[in-house]
Structures are given as C-alpha cells and as structure tokens.
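Shared between the two complexes below is subunit A, which pairs with subunit B and subunit C, respectively.
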Partner chain A sequence: MGRLVTRDSVAISGSLIGLASLLIGWLTLKPSRIAAGTSLNLFESIGWVGGLTVLGLWLACLILSLTGKKERSAVTLGILANLIVIASFLLVGLFSGKLLEGEAQIARVSLGAGVWITLAGAYVVIFSARQTLRGSTIWRNVVSWAGLAVLVFLLIEGWFQDISIMTEFSGREERFLQELMQHIFLFGGSVAVGTLLGISLGIWATRSRRAEAPIFFTTNITQTIPSLALFGLLIAPLSALSFAFPVLREFGIRGVGVAPAVIALVIYSLLPIVRNTYVGLRQLDPAVIDAGRGMGMSRAQIFRKIEVPLAAPLVLEGVRTASVQSVGLAAIAALIGAGGLGWFIFQGLGQAAADLILLGAIPVIVLALLVDAIMRTIVRVATPKGLGKGNQ
Partner chain B sequence: MIRLVKVSKSYGDTIAVRQLSLVVNQGEVCVLIGPSGCGKTTTLRMVNRLIEPTAGRIFINGKEISRVKPEQLRRSIGYAIQSVGLFPHMTVADNIAVVPELLHWAKSRVAHRIDELLRLVGLDPLEYASKYPNQLSGGEAQRIGVARALAANPPILLMDEPFGAVDPLTREKLQAQFLRIQQELKKTVLLVTHDLDEAIRLADRIAIMASGRLVQHATPEEILSRPTNKFVHDFVGTDRALKRLSRIGVASFIRPTHSVKLSTPMKEVASVCERCHWVWVVDDDGKFTGWLDRTSLPAANSVRQAMVVGDRDEITITKNATLREALSRMLGQGFNSIPVVDEEGRLIGEVSLGDVEAATAKMEP
Partner chain C sequence: MLRRQLNLWILLTVLTGLFVWLIASTGLWEATLRFLFPQESQVLHPRASLLVLVWEHVKLVILSSSLTVLVGVPLGIWVTRPSGRNFLPIVYYLTSFGQTFPPVAVLALAVPMIGFGVIPTVIALFLYGLLPVVRNTIAGLRAVSQDVLDAAYGMGMSRWQALIRVEMPLAARVILAGIHISVIINIGTAMIGAVIGAGGLGSPIIAGLVQDNLAYIIEGAVPAAMLAVLADRLLANLERLFAYSAEKAR
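== the complex of A and B ==
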C-alpha cells in the first residue's frame, strides 16, 4: 500500500522557531545582578564553532522535516532536537564561565531569550516526533526524555554555576528546598481538602435539587474573584477570628500565613472538582442505574459498583485541573506570608533581580508540568476498560 | 404465578393505574400493551417494587411482595429493559454475573452459568464473554440483556420492550429466539410492548390497558376475533384478519410440490412441466436454487440455462413460519405459491395462496 507523504508542518514550525532563535540574544552580560546588561548575539555568546554547530543542527532539522513524515525520519528528527537541547545548554554553561573571566566579581551572565526559544522550538519538534512514533514505545520514550535527563544531570553537576540564576540559587539551597516543600505542602494539602470537599458537594448537588443551585452559584462566584483579592479578603475575617478565639492561634490560624492561603486555594480548587463530580454522575445512562436497581443492587452497591467506577475518570480529571491551577496560584500565597516558591518571585520583584524571579518561576512551571503528567497517568489508570470508543 | 389485586398507583392528582387486577399463570407469557401513558410500564415496575403501589396487593406464588425486602425480591425476578442498561465498564461475562454474585454463588458455578446462557442466546462464549458492551451490536446487546435477566434462573421474568431498540429484521430474530427459549424454560413472563404484532407473536395472553385500566385480558385469537369494546377494536386495527394469520403456523398447510434437479435431462423436465406452468429447481442435495417457467423451455438445452436463480432467504420460508409470512412472501414475489424448506435449505413442499385464503375464510368473523 502506498503511503501518503504529508509534510510534517509541526516539525517545520519547530525548526523555523529554532532558526529564528539564533537571530536574537543568547546570553546577557550584566555588570551586577540588578543592572541592565548588554545582550550578546549567538556567536558572541557561544563562539563561532558553537554557534555554527547549533545553526547546522537546526538546518538539518528543517531539511529533514521538509522531506516528509516517516517513522524513520521521526526518530532522526527526535534525536536531532535532543542534540540541539543538549548542545545549546552545554555551550551556554561552558561559555558563561568564559565570559565572566576578567569581569568584576559582581558581574553576571544570564540566559537570553534566544536560549529559551531554542528550547521551545526543540520541544515542538520533539512533540511532533512523538506523535509520529505512536508505534514504538522505546524510541518514543528516548526521544521524549533524553534531552531532559541530560539537562537535569548537568544541573545537578553544577554545569550552570556561572549562570546568574544558579548564582542566585547558590547560598539559598536550604531556603529553596524549604520553600519548595512549603509549596508542595500548600497546593497538595489544599487539593486534598478540596477533593474531599468538592466530591462531597458534587454528590450532594446531584442528590438534592435544593442544594444544586446554591452550590454552583457559590463555587462559580468564588472562581471569579481575582486570586490576589481573595487572599487579601481572607485576612480580615481570619484576624478577627483569631483575636476573638486566641486558642485558634495555637493551631496557626491567623490573618496572614498558611491559613488564609490554604482556605483560598481550597476555594479555588472546588469548582473544577464539584463540576466534574456532578457531570460525572449526571452523565451516567439512567438505564444503567435502573438495570442495577431492577436486578436487586442496593443503593450502596449501585454507588460503589456502578457510579464510582464510571464517574471516576471525570472526577479525577477535575482534580487534575485543580492541582495544576493550584500549583500556579500557590505562588501568589507568598504575598500573605504563606511562603512557597512565590517567595523568590516576590523577593526578586522587590529587588528588581530578574534571575531571582526566575528561580521561583521556573520551578513552579516544572512542578505544574510534573503534576499534570502524574495526574494524567492516574486518570488513565482509573479509566475502566470498556469506556471510550469501541475497539474491535 | 403473578397476581395483582385491585392495584392502583397515583402521582398526586394523576392516576397512573386504577384498580388493576390481573393474573399471570405459571409458565405463561402475558403481554401488557396499550397506548403510551396507559400505565403498562408502571404496572410492570410495581411487580418488582421499583414503584410502590398506592393501593392494592401484589402476590408472587401466593406471597405478598410488600413483605419481601425490595432488593431480595428483585434478585429473584429477571429484569430486562429496552435500553438494555448493560454496565459499560464490565465485560459481557461480568454483566451476566451480577445477580449470581449478589446471591453469592460459587465462582465456578457462575462461570459455568455464563457459558450456558451465552450459548442459550446464540452467542459463542469464547468470542463474547470478554467483550465490552461498546463492542456489541444493538441486537447482541439485547441478547446479553436477556441472558443477564435469566442469570440466576429466576422463575419470573419482567421485560419492558426488550426487543424495542433494534431494526425490524433483528427484532424478528430476537422474538423467534425468545419463543424458542421460552418453550424450553417455561418462565412466567410479564412483557410490556407497544407493538401489537410483537404482542400477537409472543403472548399466550394479551392484557390491553387504557388510561390505567385493564380493558381486555385474553388470548391473542380472542382479542383479534372478539374485541371487547370499541377501544380494543380500534387499537387492534382494521387488518385484524392479517394479524390473525401470524398466529397460524404453515406446518399443517404444506403440500408436496413438483421440482426438478439441476442435472435432470430436458426431456424429463418437459414431462414434469406438462402438468404445471412452473417447477422449483433444486441442486443435487435437494437445496432450493430457483424456478423454471414452462415458456422458457424450448429455447434452452439444460435446466441451468432455462431456470431463474432465486435468493433462498428472500423466497423460501421454513416450516416454523406463519401464514402471514408466507402471504407476505407471495405478495412480495408475485407468486401464488411459496416453497418451504428445512433448516439446511432443502425443499420440502410449498404453501399456496389458495390455502391461505381458505384459512382466512375459516376464521371467525
């Protein structure tokens, strides 16, 4: 059978993004951590040999993606894109040290837009290769994770120690770990409480017509309150409460700190979970429930054996939405003294130190992607066979 | 045996069922029928306490059902519905196993029962046991629905339009299968339908309902020949005679017929054809293959050349068919007789239009 040769437009776009990234600054040399720096182009940043290597790799990517979408070329494309990721960061780490030689002690080198855009372009290509490589699991995993694994290894080995963001990190290792744990505790705890509360409210909404409207009215309204405002709004009532009942303070309930942050995050995580629980239970075919009842299943058996397994995928999908959203929102909680990775962001904003902001922001993004991947796996595992499209 | 005594059900001011008394005898198929909103489904659902009656009493084998726990009662009654309601996250085997498992049957007994039931409804256990409902056709799903209702071998079966959601051809097959299974198992069945043809085909007795009341409860023959009032008369319609034909099997009307084989020499064919205008043609195994018109003989030098090839499924009927099917084939093909074949397709005789007319004439007005 002849195979249709379709151009791989996703990989082409990725390659073009990558090539474009070579035209803008790769590294920025700054006299101090808060001073405005000078942007260095590709060749100034990583030298002629390094620059031409990256350029060559990207051109190879473009040519390969123009020749069509085949299983074999997808493997090559994926490997090329991973090589670009690895080479770029190896070179950037190497040359950041060289650029600082002969500069003042307080001078800094930080990553320019070019590096990030090359990274983005490379992952667009990798994404496209992944799609084509549906059949072979081994190659798909190699292509997806190889570059990332090397980056993590380089990071741990201190390869990037001369780059400003790592300079910000060094000396703050303990603080970083502490705020990271605090962040995980903030969103994890809130989502856990939100899940229990949300599922209960969702079930209640399906069982009682009287409760349905107020539950959705409240969860919908709270979702529209800007997060910053909600954090702020909670300060007053909680302070009043802790003054009225001093015993509460012993449990850490005060106007500022963890208590209002967790409450706000719980409130935000409610809507997706309540909504998905409600829809998950309501979408069930009434005939299925009727058949269960007619065959002599008790109310509890119908809930456990029919409703729970059939609604689980949607409910967990709601928990996934809530989790990813909470990872981001928890960053704002630092503003009311709850700590977390947001602490670095607000410190950086206060000092106008962009790299300190990144030290908070990048881990938040990584954490969100990680949580998303984990939750997706959980949803997949929890989806009963036999749901979804029939596969003969 | 199911016995309803002056059962009523009202929702606020609306009365769904009024003072209904009805007996379904052991091993009998009773079909509840009537226009939509007549209370037939409500009546059915009161028998397994999915709906509680407002007044009256219901007995199953002499025991009043209000004294039995609803779950326990339902586990002893088979239940099949139009939308089937198979559990989508369970395999066919697990779906069938629901009630046996609720009754704590041993695993090996359940497994054995699943095999037995799949075979009973004509599905290969090896192929179907591990399938999920979304891999089944509508007809297959309804068969599984019936198998699931029969799982714990309940003496009583409640069926709410069990063959409703499939195409007419599949429905006819499912009905034939139901009759075969019922002949074997002799369950006490209460079945709801709005399809009069289905009722006439399946019922030992039909209970016609209108606005919550039982209007007539009698055998199909009686309902067709002696409608109790204008409502039943209109409900049954003006094609009563035609409908009655579907209660009469062709078996006693089959008469011997002339046929030639594909290999019969032309000379012999000519002698057979002297006595009639056409003859059926069979192959060397006696299986129906077509027919031969006398006028086409002179031009041909073999049976194969002269014959008209006929589709066995479209032209022939089996000896289990009804006179109505025979008549429908005759009209459809423009024949005045129709060949009858056995299970293997071998010609065993024919039924003629004259016989159908005679049978109609003999029916009571």
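== the complex of A and C ==
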C-alpha cells in the first residue's frame, strides 16, 4: 500500500469547489423569457447576510476537512454540507421573489452556475463523509438524504415558484403531466415488450446452437445504429404500409408518431436483455442442475425451480440497463412526433427558450435516476440469499 | 489467426472504401431516392452534399473522442496511482452515476449554458464520452495482477516504466473497449447535434421531418447507420489486436 492517508483530499476539493462557486453568478435576472440576462454575484443575489452565511458554512467545511478524518468530524462535515444545500436553496427561493419586485411582469430570475456548482461541491463533501461513515447506517442515510429531502419538500411547497423553470411549468401543468405519462407509456411499454421478446430470444439462443449466432449478430448491429437513424429508417416503410392499407391508420400506425418510436425502443431494449438471459442461463453450475435431476425433478421443474430463480437477477439487470437507456431514447422520439418529455426539450431548442429546455431535460434525468434506483432495488430483492451480491 | 486478422483488416478497408465511394456518388443517391419517392419534388438535402455531411459528422466525433481519450485515460491512470487513490471511489461512482443520465439530456443542458452550435455539441459529447473511458481505464488497470507488478518491480522497473511497459499494455484491451463504447455513443448523440446547429448527418433527417420529406430522412439515416456499423467493426478489430490472454486464439 502507498503512504498513509492523513488528509481527506476529497472533502478538501469539495470545499474548494464550493468556495469557488461563490465567485461566479448565483442568479440571473432576465428582462423576458428569451432575452439574455444580467448575471448577479453572490451578494447581489442573496443579500449580505445570506451571502456571508453561505461563505461561513463553506469556510467551516474547509477548515474541518483540513483538520482531520475522524468518524465524528465526518458526521459534522456531512451535516454542514447538507446545511449548505438547504440554506442555498432556501435563500435562492426567497430572493428570487424579491428580485422580481418592481420588475416587469415578463421578467424572470433563473439559477446561475454558482448555485449548481455549490450543489456539486456539497455533494462531493457528502460523498466523502459517507465513505468515512461506513460503520453507522443511520448517520450515513441522514447525511446522504437530508438535504435532498428538504429540497423535494420545498419544491412541492412552491418555494421556488419565482424561479424561471417553475414559471415555465406553471400554466403548463396539464401538458407536463400528459407528456410525462406519454413518456412513461413509451419507455415502459417498449421495455415490457422488449423483455418478453428478449427473454424468449435469450432462452432460444441457449437451446439452439444454430439460432445463437444470428440472434447476437442482429441485436449487436441494431444496437450500434444511431437512434435518430433507426427512427428515420422505420418511418419510410411504415408510411408506405399505412398508404397501402389505410385501415392501419385507425390503429395509429403512420409514418411518424408512436409506432416507429415503440418499434425502435423495443429493438434497442433487446440486446441487454437477450445477452443477460443468455449469460444467466449459461453460467449456471451444471452440478446444481444435476442435483435437481437427482432429486427427481422433471425438465420443467428444473427450469422453473432452479434455472429461473438463479438466472433472474442477471436478467433483471439487463432489464434495468434497457429501461434506463429507453428513458433517454424516448426523449429523442419527440422529434418524430411521439410526444413525451422530449417535446419540451425540442420545443425549447426551437424557441431558444432555455427554461423550456430545462423543463424537459431535468425531469428526463430525474426519471432515469428513479428508474435506475427502482430497478436496482428489484434486482436486489430478486437475488436469492445464497447467491451473494449476484452482480456488480 | 494472424491470417484471419489480416483478412478482416482487408475486408474492413474495402468496406470503408466502398462506403466513401457510395456517399460520394451523388448521382446514384439521387436516382435511387427519385425512384423510391417519386412524389417528392426534391430528394437531396440542399444545404450540403452527403460527403460534406458525413465529414461534418466524423469531425464532431473525432474531435470529441480525442478530447475524451486525452483527458479520460490520464484521469483513470491518476486515480489508480497512490497520489490520486483518495479520489478513486468518487470518480468511479461518478462514472456509473453519470451513465444513468440520458445523452440527449446532457446535450440539451449544454445549450442554456453554452449556446448553440458545434462547441456545445463537442463539449457535451466529450463529457458524456468520458464516462466509459474513465471507467474502463480504471477497470483495466485494476485487473493487472499484483504478482505481475511485483515481477516488474523486481526486475528493477520504476513505477513509470511499469506503467508504460506492463500495466498499460495489459489494460489496453479493456481501455479500448471503453473508447469503443464512447465513440459509438458519440456517433449516435452527434445526430441530435443537428438540432442545436452542429450539422452532420442528423441535419437531413431533421429537415426531412420538418418539411415532411421522406427522401431527406433516408438520405441521412442510411449513411448514419452504415457509418456507425463500420466504426463499430473497425474498433472491435482494433481491440482484438491487444488480446494478450488465452483468448488470443479466437
């Protein structure tokens, strides 16, 4: 091993990132939705008291991370970083309303890079505190989630209503909900179909030597094709089909829209699921299956009681990969008229309205993170006890 | 097996040549697209020829991927050295956390921060491409067994020599696999770059969608699919050159 670790360099870097964030703009005041704004520095944004509070908290963080790496100081450090997150967003929400007083109706306040970088710095410190707190589960959870929980609470309570993304949201609640549901329908439906198809293909590939190579060849190739290109390649044949058989149009099968999007998303979700099903079934210890046979199990019983539960974690891991990927690809599907959260992104890009872009992009990221977390939990629950961690 | 390698390289060179010839023959495209879509008055995207569009696309990917390699590999090396080991957990965690982010969202976020055009596209592709490269550099270097390293030090190699002559060659295949993933993702995400004004093969597709012209869409989609598959096979072959294990016989 290298030399002994004496300083917590990760927490120090986090604190330095946080202190640096105080030097750049925290809030931006824009005369209108699409006009370029003026960037306001820390004290102009959240006042002298607020600015000095955040500065003080960051300095305390730096000093504490310089003095040592002990269990107790890690708890204090983690709490400090969470306080920074909470204080920054409390102040930003409060002062965005004050800044808008006396401005025109269409004026807006948006978050500057400083706020985001402070958030990043705080989470670097929190990560480092978490690493030190390996032993105590309660403190680890408090340190990891407290700040985030308060932010979610503030968001629901409407604390950020004067910040431009929320202004963009208000008045579009219905549209937002509709596109969100459409997004979930697009990726959820495609992954469900992809899972059924992928598992069948994966099982087929393990059972038949002849099918194995073509299955992997095709799924590998299609995975490589850029999503926009695959959408495009599906549009022409589908629109030809709907011209030839106008009946199909009644089922929503047209050149553009949901049909090519779902087909493409199903195709993309195949590879991770087929591959993991194949590996999951192939990696089984033959001795386990022999044991089952020795106990007098039939082929069907062996499949149901041994192969399925032992391969399940890996298959579900494939479904997780496919789901997270599909959340992102479904956003691109808005370009071909399939709707979803991507609609806001591309409308925003078209109008050069930054807040509208964020109204699409941030929920897409949050949705991807949520889907990832939910699927990770499912994988953990589905892993049989004797199998250890089962995956990375 | 050497012969097989050589044959594969020859095949790929021929295919690349064919691809370049195909995208350069404008007449062929125009005739085919006219035959397929007789209803369209114009079948080729007027902004630029196909050759130019492919070149724009390749430039975007080469630019961002070179940046990715220049930053990502040294970063991966640094966090596996004693001086950067403190940062290994957070960097490793960030690479897997960041990969959950949809590439299109990263691209979209670049616009409010930087603006429209080639530069925000390259920056977004570079940042997103970093994740698999850093991750695989770390994984490749950590897979080098301590025994092999001890043998290298025992032969009197310095840390630096061991890195260059032992660790990097042994990790090369895994690192290249990371670069491979990153380049393929970048080829796909660069398509969306057309929406924010970066040009490339996405632009005829976007124009086709906006003007409801199927021919434009095909003009962009077919070469893009070919480009991605070709790049994928080239990189896969490059990886195979660095197989020092028993798998080499394959």
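To be clear about the criterion, the second predicted complex is superposed on the first by the 371 of 392 C-alpha atoms of A that agree within 3 Å, B and C clash if a C-alpha of one lies under 4 Å from a C-alpha of the other, contacts with A are read in each partner's own complex, and residues count from 1 in each chain.
The rule is short, and it goes like this: a residue touches a chain if its C-beta (ideal position, glycine included) is under 8 Å from a C-beta of that chain, and two chains touch if they have at least 3 such contacts.
Please read these numbers as outputs of a predicted model, since none were measured by experiment.
J.: Using the touch definition from the top, say if A:P309 reaches subunit B (first), subunit C (second), both or neither.
T.: The answer is first: A:P309 touches subunit B but not subunit C.
J.: Would you sort A:D290 into first (subunit B), second (subunit C), both or neither based on which partner it touches?
T.: In the superposed model, A:D290 contacts subunit B only, not subunit C.
J.: For A:T137, using the defined touch cut-off, is the partner it touches subunit B, subunit C, both, or neither? Pick first, second, both or neither.
T.: In the superposed model, A:T137 contacts neither subunit B nor subunit C.
J.: In the superposed arrangement, does subunit B or subunit C reach more residues of subunit A?
T.: Looking at subunit A, the partner in contact with more of its residues is C.
J.: By the touch definition at the top of the document, which applies to A:K385: first (subunit B), second (subunit C), both, or neither?
T.: After superposition on chain A, A:K385 lies in contact with subunit B alone.
J.: First (subunit B), second (subunit C), both or neither: which does A:Q105 touch?
T.: Neither: A:Q105 stays clear of subunit B and subunit C.
J.: Write out the stretch or stretches of subunit C touching subunit A in their complex.
T.: Touch residues, subunit C against subunit A: 36, 82, 85-87, 89-90, 93, 100-105, 108-109, 111-113, 116, 184, 187-188, 191-192, 195-196, 201-202, 205-206, 208-209, 214, 217-218, 220-222, 224-225, 228-229, 232.
J.: Quick one: in the complex, what on subunit B touches subunit A?
T.: Against subunit A, the touching part of subunit B is residues 48, 50, 70-76, 79, 81, 83-91, 98-99, 102, 132-135, 148, 158.
J.: Which positions of subunit A touch subunit B when the two form their complex?
T.: Residue list for subunit A touching subunit B: 285, 287-298, 301, 305-306, 309-310, 384-392.
J.: Quick one: which bits of subunit A touch subunit C in the complex? Just the residue numbers, please.
T.: 2-3, 5, 8-10, 13, 113, 124, 127-128, 131, 221, 224-233, 235-236, 239, 255-256, 324, 327-329, 331-332, 335-337, 342, 345-346, 348-349, 352, 354, 357-358, 360-362, 364-365, 368-369, 372
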